[in-house]
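Chains: A, B, C and D, in written order; residue numbering restarts at 1 for each.
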Amino acid sequence: MESTINVTVWNEFRHELNYEPAMKIYPQGIHRVIGDYLSKQRLNVTTATLDEPEHGLTDEVLNRTDVLVWWGHIAGDEVRDDIVEKIHDRILNGMGLIVLHSASQSKIFKKLMGTSCNIKWREANEKERIWILQPNHPITEGLGEYIELAEEEMYGEFFDVPAPDELIMVSWFQGGEIFRSGMTYTRGKGKIFVFRPGHETSPTYHNQEILKVIANSVHWAAPVKGTTVPVFGNVKPLEEL
Amino acid sequence: MESTINVTVWNEFRHELNYEPAMKIYPQGIHRVIGDYLSKQRLNVTTATLDEPEHGLTDEVLNRTDVLVWWGHIAGDEVRDDIVEKIHDRILNGMGLIVLHSASQSKIFKKLMGTSCNIKWREANEKERIWILQPNHPITEGLGEYIELAEEEMYGEFFDVPAPDELIMVSWFQGGEIFRSGMTYTRGKGKIFVFRPGHETSPTYHNQEILKVIANSVHWAAPVKGTTVPVFGNVKPLEEL
Amino acid sequence: MESTINVTVWNEFRHELNYEPAMKIYPQGIHRVIGDYLSKQRLNVTTATLDEPEHGLTDEVLNRTDVLVWWGHIAGDEVRDDIVEKIHDRILNGMGLIVLHSASQSKIFKKLMGTSCNIKWREANEKERIWILQPNHPITEGLGEYIELAEEEMYGEFFDVPAPDELIMVSWFQGGEIFRSGMTYTRGKGKIFVFRPGHETSPTYHNQEILKVIANSVHWAAPVKGTTVPVFGNVKPLEEL
Amino acid sequence: MESTINVTVWNEFRHELNYEPAMKIYPQGIHRVIGDYLSKQRLNVTTATLDEPEHGLTDEVLNRTDVLVWWGHIAGDEVRDDIVEKIHDRILNGMGLIVLHSASQSKIFKKLMGTSCNIKWREANEKERIWILQPNHPITEGLGEYIELAEEEMYGEFFDVPAPDELIMVSWFQGGEIFRSGMTYTRGKGKIFVFRPGHETSPTYHNQEILKVIANSVHWAAPVKGTTVPVFGNVKPLEEL
């Protein structure tokens, strides 16, 4: 029997409180839509938001989280540096991280990448088609050849991130750009999945295929049960010198 | 509930029939030792050997195999080319492949790699220590920092294979060489794990950590349930031209 | 002073002899247009075609070739297997290979990849925009953010090849597809660059940016001067056992 | 004619001023030994050290530096954060970085990697044999199968860094460990080479093969002449919406 995975869905939760177009689509917040879906997929879900004490990410919450799903945008700078440090430490020790849409500009993601994470962007409600390049990857389980979104924000290359461990998806945009939309990274013992779509005024997180990708990625990013514990520092020789 | 994975353990099965040192360690063949272990790990195991009709790999067997474990050595040239083609086709369509020890010189592995797969080697019963470089990988689940084998054949670099998708293990040898001992590749929809140890006159496949790696790799290499079916050939445009 | 690089530009050279639209654009053959450009870039150029004896690839020619540029299409099956073997051997020993357009379906490329190399395709003279993902790579030296081609054949994913060492370019197509258009691989000591554009009825090889990429890639793929000579086979220990 | 590459060799330069065993081997500092060698390889060399004003890395110096070679150890924490930021920014914009030995624990390297960069280590003057895994890479030009160092500090895995773009060298240590000793990374437009050996009390930087690797890596890491300038931020569509 598979052990339950503890997921914490974190959301900045600002647009949905004060920006009409976002409120309409996600009246209770992006975290609730994603969290509700994941709850139905044999996952043990908690949500947390920026304006809760410690952003909802107390030591207790972080320590029991197997996979952290992150959505953030305009208030990224308000995330406390000491909490970013704690998240970073947890990831290096095995917690998974799912980086959604503009979370690619978050403090934690930039810290993990070591680059600017700069992108091109455009808000024009244009069509996006996400092509799948790894047809037998756990993250693309159950999908067709591509996912089509009628209206999304555009993100364009050059996306200033390191080459990923795996390039799983590339987006085509109506306006003429492409973007590496699904990528995996490993940092320390932590598995990271970066998933491009999810603008706050597009109904993307109501799309069943998008939700399926997120659920798949949570299962993929969860730490293996008995992970190797690396030994660091000064050691004695294993062979006679 | 997880669906059962069908594993076929293929063995050349020649040394164990006519070479005293191998007969002592594997009286019923390497395939039986590995197969017996995998049977206890919730896996549905079949064995097959070179001298059976069609090498035990009929269409029926290949079509129901999710993961093929392969051990071969001196009689690699006797494997029929038409059967190699069938195995190749099955791998591109999603069957996993676990390449054990000298199977790195097999027809099927060379065909998948596109290189000579040449190595250095030495039979001197020397110590091997397999270091783990990916502490949170499904294939290394439950292991410590390294696996130590008191007596093994040496394989040394340069190993003429493409850079792997993931480098999971590197061996240290007493005689002064190193070797990339655990590597993953993807070819088509097929996942491949190459695992170095397992000389026919060393008791390596009686080692519980080695067996654990093989079992872990079978779970990792099994095809995902609903894989994307790529469309090839001439297609109509998705957008108006 | 840099030593001269010997380039052999190989072309199937059939379309340009009997297919009107190709004859118009490349009256003397694709190989002549590419060869003439490379000759002006401090490169020592030879051309060779399918219908010459030994396809123009005698041992003497192959042995002195540092980088082989390959364009092939409808007559790929007519390339002799023994010559493919020789090319393969030369690549493993350090000769570079530039795989242009439909050469991605050639015997030599399939042999190097170990996969089907299948693609989607469409001949509709649609717009292609090749985005550059590695802005400081020798192969993209001197280029802007993208290359635009007004009329090209479409190639679409899934492209059944192994994950590349480096993904350098991704194409956007007007009809809604994307494609990994610039990729590098290493096989043995040989460096390989796969470059998507170049349909026989499009004026692509008259485009200065496309030609610049090919010239850049030749410089990149040329063997380094004093390459390490790997030792294979049975060896004595370097340390006392 | 090749344009001259401007190299800045930076050294902490503390051990060589006050620790007898280091003073003996590098009486004028590690930077002088490396710098003198590079000067003879058609490179334009400057040196800089921790205790100079701004650590010798003024804006003027950084802006003209094509490749920065870095050796640091016990005083890594004294490197000013604002200067680390400037170096980081220069690397993302194309400056190369050569990370020598304990510089793998430096602020700038950790910032680029996004991980702890933790290692195992031992000072026992043991034998190290650096095996070459990429026999046709510009960084290994002119080398044999391995480099042997009679006495070095040991570094052991798990080395907590992201998977490299290229794994070029792996070390064997007498005491039983292995280590990924030569690795390349790309961050932004900057090329990074991490090269393990070079303990302050070992004569490693007097070894001609080690010096050759450093010189090769400087040539490899230098920015290409006309690099693509990425455009970031809000952009207009390239196609009609």
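Heads up, the rule we're going with is that contacts are C-beta pairs under 8 Å (C-beta built on N, C-alpha and C of every residue); 3 or more make two chains touch, one makes a residue touch a chain.
As the structure is a computational prediction, the values presented were derived from the model and not from experiment.
A.B. asks: Could you run down the chains that neighbour chain C and chain D together?
C.D. replies: A, B
A.B. asks: Is the C-beta contact count larger for B-D or for A-D?
C.D. replies: Most C-beta pairs in contact, of the two: A-D.
A.B. asks: In whole angstrom, how far does the Cα centroid of chain B sit from the Cα centroid of chain D?
C.D. replies: 37
A.B. asks: How many angstrom lie between the CA centroids of chain A and chain D, rounded to a whole number?
C.D. replies: Centre separation, chain A to chain D: 32 Å.
A.B. asks: Any chance you could list the residues of chain B touching two or more other chains?
C.D. replies: In chain B, 129, 132, 135, 145, 156-158, 163, 165-166, 174, 176-177, 186, 228, 230-231, 238-239 touch at least two other chains.
A.B. asks: Give every residue of chain D touching chain A within the complex, in rising order.
C.D. replies: So the residues of chain D touching chain A come out as 92, 111-116, 118-122, 124, 126, 154, 156-158, 160, 162-163, 165, 174-177, 185-188, 228, 230-239, 241.
A.B. asks: Mind pulling up the chain A residues that touch chain B in the complex?
C.D. replies: Touch residues, chain A against chain B: 2, 94, 129, 132, 134-138, 140-145, 165-166, 174, 186, 189-191, 223-231, 238-239.
A.B. asks: Help me check something: in the complex, which residues belonging to chain C touch chain A?
C.D. replies: 129, 131-133, 135, 145, 156-158, 163, 166-167, 170-173, 176-178, 180
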